[in-house]
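Right, I'll just put the structure down here and ask away after.
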Amino acid sequence: MNSFGRLFRVSIYGESHGNSVGVLIDGCPAGLFLAEKDFETDLRRRRSGAKGTTPRIEFDIPHFMSGIFNNTTTGAPINIQFENINTRSVDYLELRDLPRPGHADFVATHKFGGFEDYRGSGHFSGRLTLGLVTAGVIAKRLLGEIHISAKLVEVGGMTDVESAVDRAIEENESIGGIVECRVSKVPVGLGEPFFDSVESLISHIIFSIPAIKAIEFGSGFQAARMKGSEHNDNIINMDGTTETNNAGGINGGLSNGNDIVFRVAVKPASSTSQPQNTLNIKTEEIEELVVEGRHDKCIALRVPPVVEGAVAIVLADLMMMEGKIKRIYLQEDE
Amino acid sequence: MNSFGRLFRVSIYGESHGNSVGVLIDGCPAGLFLAEKDFETDLRRRRSGAKGTTPRIEFDIPHFMSGIFNNTTTGAPINIQFENINTRSVDYLELRDLPRPGHADFVATHKFGGFEDYRGSGHFSGRLTLGLVTAGVIAKRLLGEIHISAKLVEVGGMTDVESAVDRAIEENESIGGIVECRVSKVPVGLGEPFFDSVESLISHIIFSIPAIKAIEFGSGFQAARMKGSEHNDNIINMDGTTETNNAGGINGGLSNGNDIVFRVAVKPASSTSQPQNTLNIKTEEIEELVVEGRHDKCIALRVPPVVEGAVAIVLADLMMMEGKIKRIYLQEDE
Amino acid sequence: MNSFGRLFRVSIYGESHGNSVGVLIDGCPAGLFLAEKDFETDLRRRRSGAKGTTPRIEFDIPHFMSGIFNNTTTGAPINIQFENINTRSVDYLELRDLPRPGHADFVATHKFGGFEDYRGSGHFSGRLTLGLVTAGVIAKRLLGEIHISAKLVEVGGMTDVESAVDRAIEENESIGGIVECRVSKVPVGLGEPFFDSVESLISHIIFSIPAIKAIEFGSGFQAARMKGSEHNDNIINMDGTTETNNAGGINGGLSNGNDIVFRVAVKPASSTSQPQNTLNIKTEEIEELVVEGRHDKCIALRVPPVVEGAVAIVLADLMMMEGKIKRIYLQEDE
Amino acid sequence: MNSFGRLFRVSIYGESHGNSVGVLIDGCPAGLFLAEKDFETDLRRRRSGAKGTTPRIEFDIPHFMSGIFNNTTTGAPINIQFENINTRSVDYLELRDLPRPGHADFVATHKFGGFEDYRGSGHFSGRLTLGLVTAGVIAKRLLGEIHISAKLVEVGGMTDVESAVDRAIEENESIGGIVECRVSKVPVGLGEPFFDSVESLISHIIFSIPAIKAIEFGSGFQAARMKGSEHNDNIINMDGTTETNNAGGINGGLSNGNDIVFRVAVKPASSTSQPQNTLNIKTEEIEELVVEGRHDKCIALRVPPVVEGAVAIVLADLMMMEGKIKRIYLQEDE
């Protein structure tokens, strides 16, 4: 349910305004050197603070609670925990009867009988992605020369990110975006033909990231409009290199040695300062609602490191299944 | 690997030109009446024969090998098997050194050391989707009033399917398409916020279907270009009904009571009669290849019942996890 | 539910008097040469026919339904199926209202609402162990020099097997026994400290074998009466060899390089020709019952190859998790 | 690996002398009221302090890190953490080259390349059982009227526990024991015939408890010496009640409505104050070793609440699989 992976196994826990959020990683090889600073870059890329992101700033210090001894992984489960400090839960108390449009409020109350921690979207919060980024940092280290890079290629329908964010601030609206991810130096043959194809596993974890609503590999939706001879990628090299990469690096569900390429759609954050209608579940009347609180104008800005972390988790697991990552990590591998 | 599901668990086996293909279904409730004719409609919809599909015709008789007694499920694992009869493997022998572009030939040989059954794409063949349709028929029965309907909404870039197919035949080319699936009467609250969101599970199984390269829920990629106040679906009814359905029936990874709606892109079949270049892995030289054999001009025509079956499997599993499908099936439920 | 294993994954299906029983094996490396005759020895050891076993004789021909091509594993799921031929189901029709003591009749009817295939104990039958032996033959091949040997060390309370069986026949009673299994040349470090200890995994699969009611590793129950300095095995060699083997080759849940040794108790077959009392679930009255049909006097005689197969499955899975069995099998490994 | 369960899923983390030990519980129903004091009784029963147990005393305060809001479960993963305070790691530094007999030192170093946290047996420590007891407290609450009770029935070969402990102290030796567990009011039909029998699941989790080396259900090893007509339990009541309970409440792997009864053997703690021989892995010479540090003379004294917790976890999971525990807990159930 809240776990992912077969051999490199990641479990997520925590709530936006609870004591902590964190991640439990089971199956990580022993012997990997890990310091707090190894997490800095990706945590900073995910953190808010830039124009267009929420004014709630968390310092996101990773606390190693288990599985790391003398700054080295031991082979036992790794628990990395983050405190929630900068919470203002009072914002949410008054919303209990007014499920915010686009948010999980209505479904969560239904599923959990009203017992859910509703503060700041609780367990549904984007804050939970800290765990993906954290596990992703470890996974990236295990992946050696495999290189993962995600970036925003479109925001609010525009390619000029800064202008798009400025306009969103001006219009007091949230906007979405498209993130493209490219993975290079992937060995041929990762994945399984049925049920655990590379596309299956990547999309599974990617749709755990709040606000993602679409994914396409290689030429994606455009493939539906191509002819077979246009779409097929001709193999031109014994290592599997193809002339084109319409398949996005995946044939028959298996990596084919070319870059894995996919794009995901990030919807605009559900919290917008515009007035909206919703149903008061006490009075059963429609009411106008203005969502107060501190929100991201453009959550997509913070998504790339999360996408990278998610894909790294999948690939580390697949590499372990192929025996390409050993249970004892040798530093000289790096 | 070749299994999917937690409580309603489906395993696929077989090869295109081997003895059989089939499906093992574990966790199906006891007491469900099942006759061969229950499978007819969906198997026929998947079968070839129509204009634009392969001339290889299989009769696809489902053989109940276990788990069904007196035409009723017993609660034990159900093995349903299909024979392969109409095979012409000789077509494939001469292709051993020439990995067909777009196919899994190259990656399969790499992954399985050349021991894979290469005839007709072996375990990678679209013929394996028989298992999805078969398990899907059972899952649909368990789902009661939940209704799943997939249809082609675009073929070869056109909405007029017949014209598109005619043109493909004329041009001797394969073409792709877009399939839209709509699921109605889904209870609120299926799915799990992290890692087992409804989108995660549906996309996981959908990408097991050969030739699928993209999926989008609700407004999908278009969501990335919308503003928050445009994209948010206002709740207007106590059952969760929303004014619009940009979310595709899913908030925070959970079903929200509206129709689940998603679209998938089907690439053109990799087998095309056009000459293509590929690498001869013996001589290491580029050669021209014309793929003989019997192929689908438009595999997308056969995909809708497969998509339906796949989604039915996911939903049956989620319904069982919520205790909404019991372990003993009562016929009066229908 | 009816599956076991993480990377070498075994699923069992079938019923005693249905069409077939069989096993689906997912994750077996490609490239392993397999012929029908490879299964002969262990299938024969499991088969009935000897004095003290049931007069129902099945020829147990393994049919390769998938995953094997040119007598070699392909890396795709392997389905091996056995037909049921020599069935006499009429014996069981009259027992529907009289749950046989010691059998699963009562619990099966309760769990599956009376829809279970009751003929010859259906899915609960010892005939299902064919799948364990079959998967075990494959697993043993993968294990290379690791050697597994199980034998009866006690029957009906006696060490002289023949006498015990003679007495059972004379007394027209069923008897139990104790099987000891010894695994040699196990590498150090298989297993996981928590939840997937070697003892946990072996006992999990062993208790799937019908009629097993107890298991002990090393000095087992006797350990509870020893002092620490008596029970501890002193390490005397750099490969982990210990002076004694009270631990049965397992410390902290991990293999320690010494022989893994365990014993299991096999209860007497529940079918006995002696008259017994049971409850007629129609009349709710106690009735005397004499179980007719063809039964084993001493099922324990047939258990050793099943125990071996079960343990081989566990070890193959653990060896794959450690990367000690590769996904492509090299014949020279043997 | 370090997780157990299908729907009620328990993951263990931590080390004896690290920051913390704890447990992550996924799948617990929402709405269960939980206060720190609910854990007191079982944590106290497990805690040291009594005659014969280690002088290391930990206060074992359960910290709710996630999944509990307003002292009520929310349906999100529950992380409960315990600090390690009373650690004296200096005792272990000098043992690095001398693997203690009976302990996991040798195998852990081999498996984890020497990177394991060796202090106080690290992740292999009995301290990790805190997580089982903690998850067990929650599971017991979910089980309603099902009642689980484990007790020591034999210590150091004697039934008089106090005398046995006195003698162990006098002899400066560690001793083992036998724990019997009885579960009453179990519904008929829990468990699955193949691979997930009640015996399989109970033994799987029980062998996670350090020092357990044997388990027997019902008449257990004694069954191997009984005749069929002696061992079979005659059904005398429509609820499944049997005259005797040689089966230990389980037929065909399924609960039969009678008490589930099993016994486990606890070996003497490996740490004994007696001098022992072991191999110095640096010098490769045999050396005499006296294990200093604070140890349990009779670890079996602390095992009963751990066995209860472990069984409660299994039963909660099985009850959820049968739909007998709902995803929203109603307090009136209690």
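Here are some notes:
Note that the chains take the letters A, B, C and D in the order they are written out, and that residue 1 is the start of every chain.
Everything that follows uses one rule, which is that a residue touches a chain if its C-beta (ideal position, glycine included) is under 8 Å from a C-beta of that chain, and two chains touch if they have at least 3 such contacts.
Small disclaimer: the values here were computed from a predicted structure and weren't measured.
Most remote chain with respect to chain B, judged by CA-atom centres, is D. Here C-D and A-D are compared, and the pair linked by more C-beta contacts is C-D. Interface repeat of A-C: among B-D, A-B or B-C, the matching pair is B-D, sharing over half of the residue-numbered contact pairs. The centroid of the Cα atoms in chain A and the matching centroid in chain D are 36 Å apart. For this pair, chain B with chain D, the centres built from the Cα atoms lie 44 Å apart.
With centres set at the average Cα position, the gap from chain C to chain D is 26 Å.
Chain C has residues 1-3, 12, 76, 111, 123, 193, 327 in contact with two or more other chains. Contacts from chain B toward chain A in the complex involve residues 1-4, 12, 99, 101-104, 106-108, 110-111, 121, 123-124, 128, 154, 156-157, 168, 171, 173-178, 188-189, 192-197, 199-201, 203-205, 207-208, 210, 212-238, 240, 242-243, 246-248, 251-256, 265-272, 274, 276-279, 281, 284, 286, 300. The part of chain B that touches chain D in the complex is made up of residues 6-7, 76, 193, 321-323, 326-327. Remark: chain C residues 1-3, 9, 11-15, 18-22, 24, 26-27, 30-31, 63-67, 69, 72-79, 81, 111-113, 115-117, 122-123, 327-328 touch chain B in the complex.
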